[in-house]
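Order of writing sets the labels: A, B and C. Residues in every chain begin at 1.
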Amino acid sequence: MSLSGYVVRRLLQAVPVALGVTILVFLLIHLVPGDPARTILGNQATAPRVALLRHEWGLDRPLPVQYEKFMGRLVHGDLGSSLFYGVNAGHLVLQRLPVTLWLIGLGALFSLLLAVPLAVIAATHRDRLADHVVRVVPLVGLGFPAFWLGIMLLLVFGLNLGRLFPVGGYGEGFFGHLHSMLLPALTVALGISPILVRSLRAGLLEVLESDYVTTARSKGLSERRVLVRHALRNAAVSTVSVLGVNIGFLVGGTLIVERVYALPGVGLLMINSIFERDFPVVQAVTLVFSLLVVLVYLLTDIAHALLDPRVRFE
Amino acid sequence: MAVAAETIAEATLAEHRHGFRRRWYRTPSFVAGVSVLGTILLLAALAPLVTTHDPTQQDLVNTLAGPSSTHWLGTDDLGRDVWSRLVYGARTDLRVAFLAVLFPFVIGTTIGLLSGYYGRVVDTLTSWLVNVVVAFPFYVLIIALVFVLGSGTRNIYIAITIVGWVSYTRIVRGEVLVAKRREYVLAARAGGLSDARILVRHLLPNVITQAIVFAMSDIVLDILAIVTLGYLGLGVQPPTPDWGRMIADGQGYLTTNWQLATFPGIAVVVTALGLSLLADGLADLLRPE
Amino acid sequence: MSAPLLRVTDLRVEFPLARGVLHAVDGASFDVDAGEALGLVGESGSGKTMALRALVGLLPRTARIAGGSVEFDGVDVLRIAEDERRALRGRSIAMIFQEPMTALNPVMRVGEQIGEGPLVRLGYGRRRARERALELMRLVGIPDPEQRAGAYAHELSGGMRQRVMIAIALSMEPKLILCDEPTTALDVTIQDQILKLLASLRERLGVSIVFVSHDLAVIAQTCQGVAVMYAGQVIETGSVETVFREPRHPYTLSLLRSVPDVDDVRELLSTIPGAPPDLADLPPGCRFHPRCPFVQVDCVDGAFPLRPLGGGRSTACIHHELAAEDARREPVIAGG
C-alpha cells in the first residue's frame, strides 16, 4: 500500500473515535447530579433564569435531539457561550491555545533531550553502574506530582538562585516566551521523561541485540556508527510511538503546570472556569484537548509510517 | 479431557505460587517496596500514637511556627501541627487510592475478559469505547468529571473508574486473546464446560497476573490524581487532611516557610516510590521462569 | 605446503549461567586453505555457529572466549585489540547470516546497506559507493539493480535478500567469508541457486569460505573440506570425498545415515538414538559415548583430542576402524 493509502485508511479509523469523543463530552452535562441548570447556576439564581438556561441548552428535549443540536453547533465552531465571559467558549480556547501548544511542544522537546541520552547511556552500558542508575530514574520519577515538581523548581530557580526565571506570565515575543516557558516546559518534561527513558532503553536493547546490528558490526563499522546509523534510527521509530501514546499524559501535565506557573493557557482557563462554574468553557476545553490527542495519535502513526517503511504494508 | 485441562491450569497457578514463595525475599525491589510501604502504612494505622496533636485543631496564636519539640515539623498558617497532618494525610490519601483502584480493576478486568473471549460485536464495541476514553488526557477527563459530579471522595472513585477501566480491559483482553488459543482452553471447550466456568476457572487465573501487576503501578497514578485534585481544591474536602491541599496551602508561604509545601510532596514521592518498587518486584516475581 | 589462511586451534567459548558454565565451543580445531570452502557441520547446539562468530568477535553479549587461538593470515585474531579486530571485519573476513530478513536493516534501503562498507571503510565517495553497490548487485545476479537498490528488505523475496547479504559480504573484497546456514531459511529451488552462486563466486574471486550447516547434502555440494562438530568439539576433519565415503567417527557415520536419501541408494533411514548432551553438564570421556553404537570400555573417560590419520584426515575416535568397517559393509553415500 502507498503512504497516501495508509494515511487515508488511518484517517477513516480516526473518525469513529472523534465521534465517540464528542458523544462523551456531550454527555458530561448529564452527569451533573439533579437539575444541571440549577446546579450550574447555583442556589441564588431565580427560577426563570434557570428555566431559560434549561431551554437554551435544550435540556428539556430528548437526548438524540440534544446531541443533534450539539453537533450542529459544533460544526459551525459554536461550543456554547461562556457563562462568565459571555463570549463563545471556542474563541476563548483558541485565544489561549498558542500558550499551551508552546508548552506541549517545548515540553516534548525537553523530554527527548533528557530521555534519549539517558537511555543511550543505559543501553550501551547494560547491567553496569550507569544502567542501574538510569533504571532507578523511572521508579523515582514517576512518583513526582507535576504540580509539586513545578513548585520545587520555582522555589529553587525562580525565588532563590538570583531569580533566574520569571515566576509567572508568558513574556513578550519569541525569546520572551522561551524564557518564561523554560521552567514550565522543564516541569512538563521531567514528568514524562521517566516513561520515555524506560521504553526507549528497552527498545534500544532489543535493537542492539538484533541481527541487523550484528550485520552492521560484521562490516567493521565503528560502534558509534552502528549506534547512530543503525540502532538509533530503528529505536527512533518506537520513541515516536511512545511519545505519541503518552501525549495524553503530556497534555494533562500542562494543565497542572499552567496553574502552578500562572501561564495563561487553555489549562489555566479550564481550572479557572471550574471555580467560576462556567460549564460551557470546561466542556469546550475537554473537547479541544481530546480532539488534539486524536490528532496527535494520527500524526504519530503517519510519522511512524514515514520512519518505518514496513508499517505501510501491514 | 476437561479434567486434564483443569489440572494443567492449576499446575500453572501452583507454579507461580511456588516460585513466589521461594523467591520473594531474593528480589531486592520487592523487599525495598514492602519495607517503604509497610513503614508508611504502619505510621498511618498508628496515627493517634505517633502524633502529638489533632490534625484539624487550629492554634491561631501559634501560626507558621518553625520546628520545635512540641511541633516537630512546625505549624501551618492556621497553627495546625504539620507532622500530625502529614500522618493523617497518609491515612486519607492511601485509603482513597487503594479503594479507587479496586473499581476500575474489577470492571476493566471483567470487560476485558468478556470482549476477548466472545470477540465479534462485543469486542468491536469495547475497543471503540477504549479508544474513545484513551483519547482524553488523563487529568483533563478526571478534572472535568469531578467538576460535573462535584468534589468529595465518592465522586473521585467514580471519576477514576470511568477513566481507569480502559487500561485493565486492554491488558486482560490481550492476554485472553493469547490464552484462548492455548491447549487447556481448547480442551475445556471441547470437553463441554460452560463459558462461565471456562472464563472464571481457566482463563481468569491465567490472565489476572498482568492486571495485578498493573494495578500496583496504577495506585501510584491514583495517588497522584487524588493529590492533584486536592491541590486544585477538587479533592478530599477540608478539614480532612490531604497532602495535595497541604501543598496548595503551603504554596503561598514559599518564600518564608518553604517546608510547608515541601514535606507533603516528599511524602507523596516516597509513598509512590514504595509502590513502584513493589510493582516492579511483583512483576519480576510473577514472571514465569 | 604453505600455512593455511585460517587456523583455529582448541577454540573455547563459554556462557556463564546461574547453574554453571555452558561450554558452547569446547576445543574446536580446523584449518581453511586459501580458496577453499570448508563445511562446518553438526546438529543444532553443537557449537558451530558460536565457533563461527568467535572468529570475528561477534559473539552474543553474555559469551566469553575461554581459550584457544584463531590465526588468520599469521595473526592471532583473539589476541589483538578490539579495534584491530574491527578493522579485519568486512575487509578481510565477512559474514553471511541465516535469516536475511532480520539480518538486513528494515529502515535502510538495500543499496545503501551494500555501499555502506565501501563508503565508510574504504573512503569511497557517495557516487562511487553507489556505483560499487550496483556493480555488486549485478555480480550476485540481482536483476534491475538501479531499481532494486532503492528497495527495503521487506520488499524483496527471500532469495533476493540473501543475494543482497552476499553483496554486502563481498563489498570490501574479503579473503574469507563466513556463512552461517545461509540457505536454511530459503525454499529448495532458491537454496540451490544461492549455493551455485556462492560456488561460482568462490571460483571466480578466489575467496575462502567457511560454511556452517546441519545439512550434509549442502556441504557436499559446496565444500572441499569438512569439519564435523559434536557437543562443542570438532570430532572429525578431512576432505568431503573421503569423510563422506568412509567416515572415521561413529557420530559422522550416524549423521550420514540419518540423511534422507534422495537417490535411493540406501534403504535404511536411521536416526541417532538419544539426545545431544547438556553443554553445562558434559559426560566424561568421549562425548558421544552415551549414544555411540560401537562404544567400548575405554571410551568412558580420558581426553579425546583430534588426531591425524594421514591423508589430510583426522578423528577424535580411538576406535575409528569400527565406523570405517561399518561404512564399507554398508555404503553411506550422500551425494559425496
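Basically, contacts are C-beta pairs under 8 Å (C-beta built on N, C-alpha and C of every residue); 3 or more make two chains touch, one makes a residue touch a chain.
Just so it is clear, the structure is predicted and the values come from calculations on it, not from any experiment.
Asks: Chains touching chain A and chain C alike, please list them.
Replies: Where chain A and chain C might share a partner, there is none at all.
Asks: What chain pair has the highest count of contacting C-beta pairs?
Replies: By contact count, the leading interface is A-B.
Asks: As a quick test, compute the distance in whole Å between the mean CA positions of chain A and chain C.
Replies: Inter-chain centre distance comes to 53 Å.
Asks: Could you please state the distance in Å, as a whole number, between where the Cα atoms of chain A are centred and where those of chain B are centred?
Replies: Centres of chain A and chain B (C-alpha means) sit 22 Å apart.
Asks: Give, as an integer number of Å, the spacing between the C-alpha centres of chain C and chain B.
Replies: 54
Asks: Once bound in the complex, which stretches of chain A touch chain C?
Replies: Residue list for chain A touching chain C: 126, 209-212, 214-222, 225, 229-230, 233-234, 237, 307-310, 313.
Asks: Going by the contact rule set out above, which residues of chain C touch chain A in the complex?
Replies: Contact set of chain C toward chain A: 56, 58, 60-61, 86-91, 94-95, 97, 99, 102-108, 113, 116-117, 120-121, 152, 154-155, 165, 168, 171-172.
Asks: Write out the stretch or stretches of chain B touching chain A in their complex.
Replies: 29, 128-129, 131-141, 143-145, 147-150, 217, 220, 224, 227-228, 231-234, 244, 247, 251, 254-255, 258, 261-262, 264-265, 268-273, 275-277, 280
Asks: Touching chain B in the complex: which residues of chain A?
Replies: Those residues of chain A that touch chain B are 16-18, 20-21, 23-24, 28-29, 31-33, 138-140, 142-148, 151-152, 154-155, 159, 247-253, 255-256, 259, 270-271, 274-275, 279, 282-283, 285-286, 289-291, 293-294, 297.
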